[in-house]
Amino acid sequence: MMLLSGTANRPLSERIARGLDASLCDLTIERFSDGEIFVKINENVRGRDVFIIQPTAPPADNILELLLLIDAAKRASAARVSAVVPYWGYARQDRKDQPRVAIGAKLMANLVTTAGADRVVSVDFHQHQLQAFFDIPVDHLYAAPVLIEHFRDRELDPLVVVASDVGAAKMARGYARRLGGEIAMIDKRRPAHNVAEVVNVVGDVRGKNCLIPDDT
Amino acid sequence: MMLLSGTANRPLSERIARGLDASLCDLTIERFSDGEIFVKINENVRGRDVFIIQPTAPPADNILELLLLIDAAKRASAARVSAVVPYWGYARQDRKDQPRVAIGAKLMANLVTTAGADRVVSVDFHQHQLQAFFDIPVDHLYAAPVLIEHFRDRELDPLVVVASDVGAAKMARGYARRLGGEIAMIDKRRPAHNVAEVVNVVGDVRGKNCLIPDDT
Amino acid sequence: MMLLSGTANRPLSERIARGLDASLCDLTIERFSDGEIFVKINENVRGRDVFIIQPTAPPADNILELLLLIDAAKRASAARVSAVVPYWGYARQDRKDQPRVAIGAKLMANLVTTAGADRVVSVDFHQHQLQAFFDIPVDHLYAAPVLIEHFRDRELDPLVVVASDVGAAKMARGYARRLGGEIAMIDKRRPAHNVAEVVNVVGDVRGKNCLIPDDT
Amino acid sequence: MMLLSGTANRPLSERIARGLDASLCDLTIERFSDGEIFVKINENVRGRDVFIIQPTAPPADNILELLLLIDAAKRASAARVSAVVPYWGYARQDRKDQPRVAIGAKLMANLVTTAGADRVVSVDFHQHQLQAFFDIPVDHLYAAPVLIEHFRDRELDPLVVVASDVGAAKMARGYARRLGGEIAMIDKRRPAHNVAEVVNVVGDVRGKNCLIPDDT
Amino acid sequence: MMLLSGTANRPLSERIARGLDASLCDLTIERFSDGEIFVKINENVRGRDVFIIQPTAPPADNILELLLLIDAAKRASAARVSAVVPYWGYARQDRKDQPRVAIGAKLMANLVTTAGADRVVSVDFHQHQLQAFFDIPVDHLYAAPVLIEHFRDRELDPLVVVASDVGAAKMARGYARRLGGEIAMIDKRRPAHNVAEVVNVVGDVRGKNCLIPDDT
Amino acid sequence: MMLLSGTANRPLSERIARGLDASLCDLTIERFSDGEIFVKINENVRGRDVFIIQPTAPPADNILELLLLIDAAKRASAARVSAVVPYWGYARQDRKDQPRVAIGAKLMANLVTTAGADRVVSVDFHQHQLQAFFDIPVDHLYAAPVLIEHFRDRELDPLVVVASDVGAAKMARGYARRLGGEIAMIDKRRPAHNVAEVVNVVGDVRGKNCLIPDDT
């Protein structure tokens, strides 16, 4: 196994490497004077099982850097390339909710596949359906167990888990079930891009400890 | 434009044809003695814009009949083939919610594409993310406007739209907004396949007219 | 190697497993109340060499079950998936013998490939050309050696092997050569689907033992 | 429609053009000094429906010339490219009849598709299953009607149509049915490549007019 | 024909539109608060011939914006989508000149194709071989005729066209031939990224007018 | 590892095998009477790492033989197939330098990939950009180190390395740098196919030892 890290979140990659008692592969990632990214893998990856860690949050240089690293690894005859993407950018563009828009999350999935990834590892997709945007295997991890462990130690009873919007109701239900609480929901409506307007709380929160999970 | 109908819901196809003031293309759809489906298109489709109407609810003979019709149309040099699928089967298998299961909805999308469909027309996908399971264009229609028109004429005030489970919260919100009501949610937990156990009603329904939309 | 069995012919799978001194992998194959098939592989297949045994005779639920199992195995990161299909359904729809029909056998080949199979193992394709419908490797086995062994022990001389129709002439010749007999042929004409009408026996069968091989 | 001709059988292309009252597109097809083929289309094909006539009998320069012409037409933005292949080379390599051989006929089909052909037009494939080697539409023509017309005018009664080997039995039956005769079959065995050894005549030919159709 | 413009060089798109006596299609291109790009096409493109103008110079948001626009147009059922890319980013990463680097220019070509472009229009690729990185048609335009027209009007005799490095020798020769001059070459060696060190002038430039074409 | 050799340059394959202390796999490569090539691999390659050595210089039978061998190896379940192509035919057709020509070098790359090669090994591509015509890994070797070793032993000072045309300037520079000499260039213009007309020597060659590398 070889562990490669892009530049989007190098400290995270280092913590992953430490956790695996492994070291990060020696890479050169530079910029040409015009801003183009140059990548070079400085160790032999021929026949190796390569993991490339890079979240794909904006700017797009992050996704492109990931794609260039995948391309370099494949052309250097790596046996298998797994894209480890802790945060999957453009995940909310996962459907056409109005005519003539793009589905950015699917585009991202296609780009990673086209570049040559054999597998994707990611955490808590905004919608779990994102797994199905791929024809390659996806190892989809959940942060919830770690977080639930954390909250179980606190005394939160009586607890109500509040979904921050209708799309989060399922996640809230999961936390409530595992922590032993009720659920409620904020009926938020977003009349325009980036504008959030709370309208109503559905369910009973009076006098209870509120936990509001959010996957953003 | 040529309109073809599979056998899964022929009366619906006939109503669609009438609505378009068109007639259904002459087809032969038979069974061999061993149960294999035989399809033949009895009119020339060369260079034509072909629409094939077939819901893909079980049994799987419905999806296979659709695929055979697409195959026949493509090999007969149709210019474009649109799969019109009023009910998209296996839509709930849209993610891996446990290890080592299939994602049936994505498989279905791949089958239709592989058979040669150039476009899909469907109504109210169980999850709208299903649009992104395709790389071909999807025209995704909504039944809501028709239904809302229907309920607006009744006097439902005070109204609460109740989501039948957490996954339906978004749909409930949409109806509530358009019909001018509150929302509530049934916090149902399904401990095993096909077993539904209602646990709790989140939100206030006392003394109100309850509308429970369901997309199944 | 892991051996998985669909439900189409479970006893056969068990005999294969016994013959290999192996056990069948633990699977869940169930139906939802609406008839949709649910599959789950209950053992770890990551990095394993997986064989899925399922004939694809009608109804189409058999082929769909196979596709779902392939999908589940691939998404669970199996190293290789071989579809073992003792009977290849739709094999006789192997060409366009009239305008605007489908080529079901090729469609089946494409479906299995699209679902993710890396290899196919099958027995006595109706036409051997079916091997070429695939771009993945096909291990095509022959039942003849087993059957010939069987008939050699009997005293069939003087023997004539009779092809049940013109398409079977080649197979008859193979048996005749190995068993040391003559060949004859029934010149059967099928004026309509599923209707067989014998017309003539070509060759000399008088006073001989007749062996009529058939691959259906 | 634009008609292009390779060099494999230019007189045939010219007869086709005359039959269609069309002219052949101006092409340059030359050889570099090292034997490499150079093709150039000298008329504008942008947005046009292009037909390229070229049989693919050996040597392989014929198939390569066809592929280069397809490539040139596609890159010049032709709307559609049909490969018109009166004789489909390597048609007899249509299955693996022994281990570790190639399936040349399928390879040929893949090459033509990869080069960019949208459709294939051909005549009397050695096996009709060859149609199914393609995922693009195939217009498969039959020479039989023309030939039968020819023989019907002669007085051939009593007639027996003799299949030159077991693989030709089906074709013989077709001729016999249309010309009103019996069928017989030569049971030829080919112990090694290119060596044909007649063994036996199956059926009664004594005193009859024999017609032996062959598709080579 | 519909003309869409990304934001990378909007003034250029406007000049192209004016030159064609056309107007630019109404688009929404915005940023979410986290920097993700949102695109929406505000006019109907169904069945239309769409051209999207966007150079792909860094940052990578430019290429991603192009891909999102292509995706939106395809999913909105445009008949054909042409990517008009006046400057093709990453063009110099067109080969592996050292081990384990990416080939960025090919990656870019694959991304544009995967997103759904049917055709590419570009100007003066850094290496003309870039045309062959695509399997879709490329209309590759040359700036030289315009520039040569410009210089022909000046009195440059005696002229020597100087290649700025060995890779530019071919381009210099082209200008020299058309403008009627000699050629020379700067034998520049680049010992490290982004560092240029002139070493030698090959050819005779003394007392002549020097023209140094560069495609960057 | 298994080493297979086509017939294009069998002595070279034998020298490669000797150099690797390996033996060539037993193959049958024959011609049918009509000129079609028949290939059979006579040793088991299932699960093996197969290398097929065959230059693809004209005639096209060489490339077709290579494709048939790849096809045979893949269908026989080889684990990996590498095409070792010491001379890559059609390398000079690497761009559209005039309208409506083919790009033969890219077509060749697509053919080898379609036939099933997993990797390509070649030497000194005419243009290094050819590496990017592939999406599979290419191991591109250089002959220069061997040749430079050869010339270093001779006393060539004062040396000038002369590019035989403008396209060879880069290669000449490489030799000059490693052998410690100047460079010059022949400004050759080719007014028609296969006609070379020297026009001018750019740079100073008087009284020096001239080395003219050529990759043809």
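Annotations for the structure displayed:
Order of writing sets the chain letters: A, B, C, D, E and F. Residues in each chain are counted from 1.
In this section, a residue touches a chain if its C-beta (ideal position, glycine included) is under 8 Å from a C-beta of that chain, and two chains touch if they have at least 3 such contacts.
Nothing here was measured: the structure is a model prediction, and the numbers come from that model.
Within the contact network of the assembly, the step distance from chain A to chain C comes to 1.
When the partners of chain A are compared with those of chain B, the chains appearing in both lists are C, E.
Of all residue numbers used at the contact between chain D and chain F, over half are used by both chains, marking a mostly same-residue interface. Averaging Cα coordinates per chain places chain A and chain E 34 Å apart.
In this assembly, the C-alpha centroid of chain C lies 44 Å from the C-alpha centroid of chain F. Centre to centre, using the average C-alpha position, chain B and chain F are separated by 54 Å. With centres defined as mean CA coordinates, chain F is found 29 Å away from chain E.
Residue positions 75-76, 96, 103, 106, 110, 135, 138 of chain F are each in touch with at least two other chains. Taken as a contact graph, with one node per protein chain and an edge wherever two chains touch, the assembly fits none of the named shapes, being neither a line, a ring, a star nor a complete graph.
All chain pairs that count as touching, in label order, are A-B, A-C, A-E, A-F, B-C, B-D, B-E, C-D, C-F, D-E, D-F, E-F.
Interface residues of chain B facing chain C in the complex, by the touch rule stated above, are 30, 32-42, 44-45, 57-61, 63-64, 67-69, 71-73, 75-76, 89-90, 92-93, 96, 98-104, 106-107, 110-111, 114-115, 193-194. Only residues 74-77, 116 of chain B touch chain D when the two sit together in their complex.
Touching chain F in their complex are the following residues of chain E: 94-97, 103, 105-106, 110, 127-133, 135, 138, 140, 163, 166-167, 169-170, 172-173, 176-177, 182-185, 187, 189, 200, 202-203.
For chain B in complex with chain E, the residues that touch the partner chain are 119, 135, 137-139.
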